[in-house]
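Note that chain A is present in both complexes that follow, paired respectively with chain B and with chain C.
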Partner chain A sequence: MSAQTAGPETLGSLSTEPDPQDPTSQQAKEIAGKSPMRIALGRLARDKIAVVCALVVLFFIICAVFAGPISSLFGVSLDTPLASERVDGLNNGLPKPEMGPPNGPFTWEHPMGVAPRTGQDNLAYWLHGCRVSLLIATVAAVFASVVGVVVGLLSGFLGGAVDKVLSFFIDMFLTIPFLLAALTLAPILNERFNTSDNYGTIQKISLICVLALFGWMGTARLIRGEVLSLREREFVQAARVMGMPTRRILFKELLPNLAAPIIISISLMLPAFVALEAGLAFLGIGVTDGVSWGQMILDAASPVYFRDYPQYLWQPMVGVVALVLSLNLLGDAIRDALDPKTRR
Partner chain B sequence: MKRNKPLALVAGAALLTLAACGGGSSDDGGNGGEGTEREFGEQGGGTKDAERQGPAPEIEGASTGGTITVYLPGDPGPDTLDPTGGWSVTGNSIQQALTSRSLTQYARDENGQPVLVPDLATDLGTPNEDYTEWTFTIRDDATWEDGKPVTAEEVAFGICRSLDSEAFPSGPGTEYSKHYFAGAEEYEGPYTGKDPNCEKWDGVTVDGQDITIKMSTPFPDMDYWGAFMAMGPAPLGNASKPPNYGQKPLANGPYKIESYKPNEELVLVKNDQWSADSDPARHQYADGFVFKFNQDQAKVDEIMLSDNSDSQTAVATSLGSGNYNDANSQLGERLVQQTSQCVSTLTPDYEKIDDINVRKALAYAYPYEDAWIAGGEVPGVTRIPANSVMPPGMAGKRDFQVDGEQITYDPEKAKELLTEAGYGDKPYPITMVYYEVDPLAVDVQDQVTKGFEAAGFSVKAIPVQESPYNVFFDPDSKVNKQLNLRLVNWCSDWPSGSTMIPALLKTGAVYNTAGFSEPEIDEEMDAISTLPLEEQPDAWGALDEKIMTEYFPIIPTAFRNDLFVFGSKIGNPTGDGSIGAPNYKDLYVMQ
Partner chain C sequence: MFAYVVKRLISGVLVVTLVSMAIFLLFWYGPSSPAQPICDRETSNRCGNKIEIYEKTLGYNNPVHEEYAKFVKGVFVGRTLTIASNDYECSAPCLGVSFRTKEPVKEELLSRVPATFSVAIGGAFLYLLFGIPIGVAAARRRGSVADKALVSSFLFISSIPYYLFALLTWLYLTVTFEIPLFSNTGYFSPITEGPWAWFSGLFLAWVALGIFGCTQYTRFTRGAMVEALSEDYIRTAKAKGLPSRTIVYKHGLRAALVPVVTIFGIDFGTLLAGTIFTERIFEIQGIGWWSLQAVQGMDLPVVQATAIFSAVILIISNLLVDIVYSVLDPRVRLS
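After this line comes the complex of A and B, so read on.
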């Protein structure tokens, strides 16, 4: 037997008091009968910033998912060309005029131009960089959240020795300096896997593992705190008295009430991971094959290129900034929408 | 002598000049790009002048005072300042020019050519007939920075230290002293052999101001070897015990060490005990030098091009290729190009790729210009096409082409050669490594892979995070065992084919990463060192041609050049033809 999911508890409030109701009874009647999710989505839809951000995120998701088809639509690809065919080695390695800006007019052959020094097509690299960014960030965020939620649930609900042990692990992982660990792992992974044919894939998987490994603690702490307050509530006590197994209490009683904090933590983890992926690639750990916004920024971050060919740096920069910013704002908006106490 | 820059990956030796034998063979040195045509600081016909005595002739218009700042972008600098341990272009170029004297040294003549002149010795040494015994007379007016005279015993002790290959594992003595000096093989050195005063080795004897070195094999190049600071004095006994001595060695040149932070900064100040009369080639114009290691290339380029008050008295030892055009048009003669007597090579494994046609196919499949551009080099300026192992201008160098004309990227020709060799039906597998940490190296590898695959090869490129040399030299490395194509960048130690060809192509040589081994060639190399001195350059040139045309064991991809940038108030902006570095000896600050 399960408790109703609808109720003040689902709104993620820590307060035991009934939610403050708008005294206007008319409005109260309208709200009645809607599920909390629908209320939240309704609020979200009315939030202009959230809608714009959602559209931007959707654009990036489309770019990422259809990177291949979009590239072939424009007739560009990730293939390495012979450098001398596309760039002028005697002119700072900048693209030849017929390749488009900065020395020539815009051309549909290379809508975003080609990279100095290598002549690789910027559009293809940008699209596939977007795919790598989103893929790594999404998978890592999902993994980190699952681990964080499970650890937080167990630790908060079971308490006692289990709580102590799990809390110890949370604290321990919080003390490990993330960058240092990532820097140390990179050569070890390279040493182990560099002769493999799937080195690129292994690199991405290990990056996901590293991000997830160092990203779950925040969620775990948040969930643990929520569970600590929820487990003393009447519906949980009732479930216990009725002899429900712990697993069922955790996943059927508590988890639905934790939807809000989980969604919020994922939505805030995503932009953090996108930025981290780019940052690590910039440092030369993580993705090293060049198909990553971070590596594109690394290549473009030279005073000469920025002076003569600024769009080369702007392209990946705008990608990272727009994606991270819209994910962040969207995350905030979701948090606001799910929190019934917000009044705007 | 190796290059310290991890990214440049030049191995080998101190690009010293090329020995005599006129410039006729200059391999069209490479003309600059468009824009201002530039002259290379070409090295041709290295000469000797045994008579030159101190003081060194004044530089016209030179003035004293001022401090010169030297930026070394991407260059970590020497690990130790111990003269015996120094075998890097950066360390030796600084110390040999400014702080640490040795038996002989190089002076820059009016044409920019390096001339071998005496230093602590009064002449260039006197060999016996078969070059198995060399006698140097040590001058009596040279002093240490504490005012004490440099004695013949101290020079002999310094020479003895170079035999300690455990105390100085990467010192040049491990290659030359150990190989040539009599009894050196058995002697462990003053530190490892617990012989602090070097009494157990009798290869060097002191008689008054004369020191005599006995050789186990004829060593006609001893006078060039004497220009290494390892062939200089060291304070007797524990005063020069490594590794502490390497932190602040006692100077005897025009400058002494004020402070030294490894990988960061080296500050030199005037040594007031140095007397110009005792030194045929050094000057003491500036009040001091500050060497800043591990600088950011882009930052240094901005500083040097801005011509602000900081950069006016500064020197940069390299220039980012992205700034080449600006620098070329703005700086005029303050941008100095210097051949660095280095060759970049691809080395196919001689056992695994045993067909000369496949090796030639590789040469035609390598996209030379594309790889240079992707690697941030300026084609024709910092890299010029190479035809053989010996760098242009080296004595005896022959101007030949293996296939009649310069090998260039030609995938069709490569395919023909592969078909001829019987590999036409399916791609010929190539396994190589690249340095994953450097994005430039990744881009170069992309180009090479592209070029090879277009020419009928299939490429497996293994990313490594340590210097590829460490992979090549590790016999147990599972990566190394898979490789059939490696690379070496090598610079000459002094102007003779003997520092290029045996180092790269003799059976068992460390940097012979191709594993090339032909008894006939080995014998010829041994035979050349017994020839009369004046016949040797031509013999090396002939051997170079013979190896390339008959075996084609390694693929020379480029001869290398350096770019130096000088501030607008630095006087006499020139490169040092004997080593790939600015000519520190003759710099001054305009007042």
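After this line comes the complex of A and C, so read on.
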């Protein structure tokens, strides 16, 4: 079975690999021992932008996973004892001078200051907002990819009427603008689950559903295209001749060859979902229980606070922009590494 | 050509019908009870058993197809809606009565159309005004330092989420620096409040939308131009000794613009259907912001009406794009 060595898309042009020792026989030997994934990883490791972006993403992942321990390390938490102890009600609800900026000097007690009016600690909320953002984006990207891969595999491999129906659905979903759909679905979902006690959790689940529901089409199209060319290859024909059931051909023969497009589509989906999560929260139709970068931005963007306390806006803003930007650039680098033909 | 247009029109009407049905069903079966929000609103959250009155008068006890028929009839001839014990007159294109204001949705929708359309038309105009010339210039200087700097800086801008870009623009130019031209953003009617108020209120929104959106058009135009300029007929034109202006704009750009126009048509339709972030950030009283407020106030008829309106606008714009494309590229309608 040539399933492992197949996939010209992933191998790429080997001649671009720089090799200090020139003898061609040795070069061939060297390359023969590398899997496509290792070649791609090697390319990634040499890409300086990719390495920097990966480190930034790693930083955010650590912040998200260890949000609780890091907050307690700095001695901050999501609980606010009494807002009036921290903020000055007479001064537009801005933080008191001893709480740090904008009215006082930096203090280790609240390294990123406290929020106006509510007196919540910014660092704790920032860390937990990072967790919410990455959690929702990752889970939604996984769901969207699973749906996209299954639809793309079936539509590409089975062809005929199945392909027609599935392609119709792909095209139909592609024409629906995401924001409008989210805006329409939000009140319905909110109304349905209004009475539950765990409203925040349900809000997150419905947000993941909405993101996955409108995020799978790109993957499906990509996979369908790949499968259309793969299914004519010898190893698939051989599997068919051997009488392998369709399910086995799909998941044992085709799926391993689709690793590259799947990784590419997930890595391009993540930044989009992070941006959308914060954007929906900013509009007040995403996660509205307070722990979210989008909500921090919404709160901080009111002119009253922004005039005197722009740092409050910059903290979540830098979080979103840095995460989205590095995920985007990393995604591009991954695509270039896995599929050198698209290299600019 | 005529047959193609008629065929597309029929399928367009069909899609509008299907979409309106889908949205109607979504708002019928989606909420646990569609009457709950208005009941909560009217009785200040002490709804209890009164919900049955609301469900009965709003027709939620009837079969769904009967109510959809009434809704369609309302769109064409108007109807009288009953909420609890009050009757509300709703004339010809009736899209329902707002739960909050008790006014027909149509009137407020129409009053907000000019704002959204102003934003969309101005923004889309800037897409092309910035995007195409920059794309052409980059393609002509392909591979130079300027081209590379442009491509990477535009890639950077388009990686930032649009709403953050627009929000920063608004906060710094309007709130912090208070630049006179941008000091009062929003929609002002050009007829009653003068064209200058209209222009200066929307200018910043147009610029933000235009600069962010044009990055995509620069990329498309650059790609299409690079491809077009490497064609054989361009070499022929050069060999004939035509001036380079003629070669680039008459021979190259003409061929490169077809895909750009198609993408533009779809984008423009999406903008007309609702510029939610732009309206929310620049405080423009358009359809997008209105539907956002309706979502927050659980004003289901308004959300439903804006969803149907946006869907219809999108379908019409896709239809127009298809027809224009078939004029620009005759191969499409033959296949």
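What we mean here is this: the second predicted complex is superposed on the first by the 307 of 344 C-alpha atoms of A that agree within 3 Å, B and C clash if a C-alpha of one lies under 4 Å from a C-alpha of the other, contacts with A are read in each partner's own complex, and residues count from 1 in each chain.
Everything below uses one rule, namely that contacts are C-beta pairs under 8 Å (C-beta built on N, C-alpha and C of every residue); 3 or more make two chains touch, one makes a residue touch a chain.
Source: prediction; values computed, not measured.
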Chain C versus chain B on the shared chain A, clash or fit after superposition: clash
Which of chain B and chain C A:A83 touches, first, second, both or neither: first
First (chain B), second (chain C), both or neither touched by A:V318: neither
Partner chain in contact with A:L58 - chain B first, chain C second, else both or neither: neither
First (chain B), second (chain C), both or neither touched by A:P303: both
Chain B versus chain C as contact partner of A:L329, first or second or both or neither: second
Which superposed partner A:L174 touches (first chain B, second chain C, both, neither): neither
Touching partner for A:G284 - first (chain B), second (chain C), both, neither: both
Partner chain(s) touched by A:P187 [first = chain B, second = chain C, both, neither]: both
Chain C region in steric overlap with chain B, selected from 41-49, 77-85, 131-139 or 257-265: 41-49
Touching both chain C and chain B, counted on chain A across the two superposed complexes: 186-187, 190-191, 194, 284, 303
Residues of chain C defined as touching chain A within the complex: 23, 26-27, 30-32, 36-37, 151, 156, 159-161, 163-164, 167-168, 171, 175-176, 270, 273-274, 276-277, 280, 291-292, 294-296, 298, 300, 303-304, 307, 310-311, 314, 318
Chain B-facing residues of chain A, complex: 80-84, 87, 89-93, 116-118, 186-187, 190-191, 194-195, 197, 199, 284, 288-290, 295, 298-299, 302-305
Chain A residues touching chain C - in the complex, by the definition given at the top: 175, 177, 179-180, 183-192, 194, 271, 275, 278-279, 282-285, 297, 301, 303, 306-307, 310, 313, 317, 320-321, 324-325, 328-329, 344
Residue ranges of chain B in contact with chain A within the complex: 33-34, 298, 301-302, 320-326, 367, 369-374, 376-380, 436-439, 442-443, 446-447, 449-451, 460, 462-466, 478-479, 482
